[in-house]
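Have a look at these structures, which come just after this line.
Shared between the two complexes below is subunit A, which pairs with subunit B and subunit C, respectively.
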Partner chain A sequence: MEFNPLLERMPTSKMPSFTDREGLFNEERPRYAEEAASKIHGGCGLMGICDESGTPMSGVEAIKAMAVQRDRGNGLGGGYAGYGIYPEFPDHYCFHMMYHDIKAKEDAEAIFDQYFVVDLAEPMPTRPVKGISDAPLLWRYFLNPDSYKLESSEMSTEDFIVHTVMLINSSVDGAFVASSGKNMGAFKGVGFPEEIGHYYRLDEYEGNTWVGHNRFPTNTPGWWGGAHPFTLLDWSIVHNGEISSYGINSRYLEAFGYKCTLGTDTEVAAYLFDLLLRRHKLPLELACKALASPLWTEIDRMPESEQAVMRSLRAVYGPGMLNGPFAIVLGFNGGMVALNDRIKLRPLVAARQGTRLMVASEESAMREVLDAPDKVWAPRAGEPVIARVKGQDWPIHGDLHLSASEVSCAVTGVESSCETVEVN
Partner chain B sequence: MTETTEIRQGPIEGYLMVEPHVTRDGDTVTIDAASVYYKYVNQAIRAAIADGVTTVRVINVNGQRYIGNGLSGTDVTIEVYGTAGQDLSMFMNGPTVRIHGNAQDGVGNTMNAGRVMIHGDAGDVLGYGMRGGRVYIKGDVGYRVGIHMKAYESLVPVMVCGGKSRDFSGEYMAGGMLVLLGMNSQFDGPIVGGYIGTGMHGGVIYLRGEVEPWQVGKECGIFTADEEDMKTLGPVLKEYAEEFGMDYDEIISVPFTKLVPISHRPYGKLYTYV
Partner chain C sequence: MPISLIQPEFKVEIDYDKCHKCGRCVQQCGWGVYSFNERPIPDDSKCRACHRCVTYCPAHCIVIKKNDLALRDNANWTSALRKSVWRQAETGGVMLAGMGNDKPYQSVFDHLVLDACQVTNPSIDPLREPMELRTYLGRKPDNVEVEPDGAGGYKLKEGAGVTNNIKLETPMIFSPMSYGSVSLNVHKSLAMAAERCGILMNTGEGGLHADLYPYQDNVIVQVASGRFGVNPEYLNRGAAMEIKVGQGAKPGIGGHLPGEKINKEVSETRMIPQGSDAISPAPHHDIYSIEDLRQLIYSLKEATGYKPVGVKIAAVHNVAAIASGIVRAGADYVYLDGFKGGTGAAPQIIRDHVGLPIEIAIAVVDQRLRDEGIRNQASIIAAGSIRSSADFAKAIALGADVVAIGSAALMALGCHMCQGCHTGSCSWGLTTQKPELTRRVDPEWGAERLSNLVHAWSHELQEILGALGVNSVESLRGSRERLRAIGLDEQTCKIIGVKPAGM
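Let's turn to the complex of A and B:
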């Protein structure tokens, strides 16, 4: 995709009601439709695809996988995240923003102007699509923290970004961050996923990894910011299920500076992965065990050394455990992970064809994209399916398969304990 | 609200709201389901049966739901080519459905009568609340297969899974027969997961080989299948072997384990004072 700011500043579907959205003539801010007129059977659908060779795939592949799963949702939420989609700006953080109105945009941009160097700000390229209406103002910003502000904050760059996301979501009225990672972006809204995909012109993007989602809202309203994926930095999460432990998870995350503001349970999963993988540097498989913990009866049957690790993991991360049914796909620069709850209360099927690894709620989604899969299988509950892009940095501490002693070190977090912890 | 017009370019992804292409050759009708919405595929199947055909071939199926749902009559065979969608043969009452490919979740939900033959794998909640008929799967099956199968007098549902199954197989089973062979599997590890037969209060589960006691719900007794059991099992396994071109003698070359409930009311006193 060639970026020419002059050409790309095209009118978008919301332009006809521009005066309304500026809030100049209306005292009240416009609201999005939060409920559809009718309810249809469904239960959320998701997909993830990663070409481990790093070969870019068109966003149409993701749209195709979601379109055959249309009946899993009800038109109240669809979305995607793509990785490697901004090769022109690989080292910029890209903020995809949603604004209720011009005032919200000005407030958020004041934060960008104060703390960041913004190298490109533009409206998200969209096209009018039947079924998509009531969109907020959608903008994207390619930026990096102001070096002086970053230094004086005494934070890492990542923490600085996380802090900014939390600040905007919690304190700028009417502004929401859809995504905030490098060389990636989330494209989401209210509508069926194939409509959302065409609305955001995903056919014009190419990425090595895509995740997609079709929403059937159950406990929380269907609104633009509440559609999946949920993201932070370059982590993105799509989720089918319900996180019954949302209350304890969000309180636990608050203690680490995360603020849950988007009104959908899935938000906690995105922040928990950031906490466990980036900040606590847990190996991936251990993080998955912390979130989809083995049952105590399963732990009792494990070898003794592993038992000790699992017991301490459950003790340390008890408030972070995701309770309730879920199938999730975590996307990031470098790969993709799919995970089920520990007793498989939501569907998840996987397939591999050559260097392409794909997961979805239904096998049909993968048959739609892969013409001759080498292997199709249903992953076990709590057992992650992992894709890793060759030649890219693996952003996760440790290798895929750690020894028990390395796992112990990771849990205790104390380097010196590596010698003293008895394993095997 | 803004009025928008559709200017979407190129092919529209997903299923199309069109009638499928149908061809008839004698007693056989072929329906091309490629990218056709399930509603129109199933309408075409019903129209063909009403027209008196005995074999309905549905080709290029990929994820279309509800095939065979609520259909009656024993003289109809539906041959499905591709990946059958959710809730295949739900409430079905007589026909034979053969899948040349894999099936997704919810096959045979509350099925009354008929036969479902899957020449591939099947997903989760297979045969949920099944009340009669037979479901045979060549390969692996998912979690919660045969939950709450039930039987009444001569109506006895039978399910045979050729591959491996996961947790909660036969949970709350009230009747019928569930057979797990563990033979045609792409997975290593045990033939079945945990919690098999939890809350079971009727029917029987046969497994080729052995299970660990921890895998079995505490409402089940574990026995080795005896000659009487093999007399019941024999005709079922012969029919199964014939359908999938397997060797019957090889199937029975390993002793079977039998799981039966130790009480017909395992939770009768759960909420009462004792």
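Let's turn to the complex of A and C:
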């Protein structure tokens, strides 16, 4: 076979030929189906930054925030998601794809060709970076569902996309959807996050919201698809922690048609947010309360109408409650939310400077990116930190559509309930 | 000809040097073992090893031993089987037994181990951190619908949210034991303990005695095939109603409470004549199909302003499909009773050979309801030999919302598992209506011991949750990822959805 640089990566010493490479993947490197055979454990570092004015920030800011948190990872996974990065294709779903081999690419593209109108397909722009090797084939596609196929599927556009992602991840061998949202994308792989950022040329992107992640997996060889952020539609999740309730969370999600193929906590968190926010149309604040529930003793002290809401949330979404230590940042078109577990077993720090709201595992990241933060604080257990980009739709309230003042109330409420740290 | 070929199972040995000759053993024994002629003389053939006399002997001079009479070894014809044949040759009758299946079937629980946290996630110390066991029993909607309340917050939409659920402070309740099969004092003990622990007791099929009315918010009232004691007032007093279709110890079999146990009080509570046998038909004669069950469920709901209605079934081969039908018929919970569950009286052959282990039943029912997307629509109560907090935790990890304890509750009240419940002569005053025996249980004492047991197991469940690194029981419920199997065959592992240890 003639070597085509767009279809295959330059062979490395471990990969002398395409055929051997296939063997390598089959026998030595785990695919996600195998990786999912047992649950993945790990610790991590994370960051999220949102400019609520909508002013674009270079991806370099995200790289800087992760570089100072290098010690929180072990070089086996790093990644980012940026929002507003594809202004030239704002209304197209952008699929960032990872392929183990040509066959996987062909199989996945057969699905795209059959069910979608693809307006641009191109290899992901990357540059060689020391420390990054064994990259899968990385492609991106700007596409929309074929209107006839969409109509005959009797699904909403979003369900159609989710269905496609589940289909590819669970049944196309060697193909993995890294991201699938509009005007956003995930950039992730095996390496330290600053290396991954340079590899994907994040300095060439500008976005109003960025999330980043540094991974410390303890029991799995690095696999590109297993790095964070994990995404679905335009939700992206970076996560530090261990969801000790993974077993029931994944079984709960399976009843709603989600296929937990990765065996990662982050995947279940992403699907849970999708279920609660998009499908069940819960307001963001309540979705956070369902996933990191207040204690019964706290609920018992609430006013009666709030009690009724919280009792129902816990009784209904108990199987979805994320239990165990975690800090999560959820990014989406329109903002981001950061959330700690119900008893704050993992670090999460927040800072605000003007219109920029930032969260990270360590305060050092904030000091690196924000030159003079107005305020730095440690959010309380289970209290979400919410950032909203001005002028953008607030999609995650479903049909509730909060007014701008209600949202800023929510944000202020969160901050005032947190311990403020003196800023020198 | 000898009257019987069966030799006594136990030997009662009295150390006469230590004996006070006080006669307390004579007085305490409900089985009539002792006569007294200057000193107590035991008749070994009547002894059931219930240890009532041993416990009350002030001189500690009584020892009950196994009668070690040698029978020629035969692994096929065990001595129990031989005795069975002899006994039936004598009587020509169906052999009755009390309590649960005592045959050495493999226990799935004993082949499951729980997980714990190390390094990558912290375990939680239940002595210093909150550890939540509160559980809501009943039907839940698939999602919660809210609307802005106009004050910056949210309220439930009209008719949305969780209604008609029963709050339990710990996911454990007392299993149904009818007044008639057990004494009123036992019922009072259970009801008082249920109230103190924030859980439920269950009337069983014998109605609700007026003395229990103060505890009615902690009582499930049962509607069984005999409909004893069932009237609109009874239904409305209960926190929930339960249609008893079957019992783990005797699937497909009705009940027979002999007339000797139907005294005045029992007769009034059951609404049947004094001294008449109380016979529960094998099926409900108005439930010959699933649609009949649906009609009864909704009749009960209509009669009570839509209180929760559960359905209790014995775990049988097709339990998953049956449970699915029950949920679709409108039940708020399904009560699964495994084949090691106890009974006041059952044909021994049924007790020991019919039904499924509760572990299997929980696993297949939970999975089936999930596969069909109706798991939220009903709670699962699991019973049938929950012997410790380990079984309790494992049952929940397999998918049960709540467990029910019956045998363990009776043991808290003194039961020694002598399996003589059907005789009506329980020396511990539990499964009897003889006033000189029933007065042996002081409800206050009983309630305290039952509360202690519930609290002890709940504390242990909290320890297990803490080790698992979760602080709320709903994070263990159905989380089979936290279980591993040791020594179970591959097919069983698959059926219960648990990986072998090491995977």
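Throughout what follows, the second predicted complex is superposed on the first by the 350 of 424 C-alpha atoms of A that agree within 3 Å, B and C clash if a C-alpha of one lies under 4 Å from a C-alpha of the other, contacts with A are read in each partner's own complex, and residues count from 1 in each chain.
To be clear about the criterion, a residue touches a chain if its C-beta (ideal position, glycine included) is under 8 Å from a C-beta of that chain, and two chains touch if they have at least 3 such contacts.
Here the structure is a predicted model, which means the values were calculated and not measured.
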| item | value |
| --- | --- |
| Touched subunit A residues, subunit B compared with subunit C | C |
| First (subunit B), second (subunit C), both or neither touched by A:173 | neither |
| Touching partner for A:204 - first (subunit B), second (subunit C), both, neither | neither |
| Touching partner for A:241 - first (subunit B), second (subunit C), both, neither | second |
| Which of subunit B and subunit C A:343 touches, first, second, both or neither | both |
| First, second, both or neither for A:377, with subunit B first and subunit C second | first |
| Touching partner for A:280 - first (subunit B), second (subunit C), both, neither | second |
| Intersection of the subunit A residues that touch subunit B with those that touch subunit C | 297, 343 |
| Footprint of subunit A on subunit B - complex, ascending | 1-8, 10, 12-15, 62-63, 65, 82-83, 85-86, 102, 104-105, 121, 123-124, 140, 142-143, 166-168, 186-187, 194, 214 |
| Of subunit A, residues touching subunit B in the complex | 13-14, 16-17, 60, 63-64, 67-71, 127-130, 132-134, 194, 198, 203, 297-298, 301, 343-344, 347, 349, 362-365, 367-368, 375-378, 380-381 |
| Contact footprint of subunit C on subunit A as seen in their complex | 37-39, 41-43, 218, 241-242, 244-248, 250-252, 254-256, 279-283, 285-286, 290, 293, 295-297, 305-306, 308-309, 311-319, 321, 323-325, 342-343, 345, 400, 402, 406, 409-410 |
| Interface residues, subunit C side, partner subunit A - complex | 117, 119-122, 124, 129-130, 132, 134, 136, 140-149, 152-156, 160-162, 165, 370-371, 373, 375-376, 468-472, 474-482, 503 |
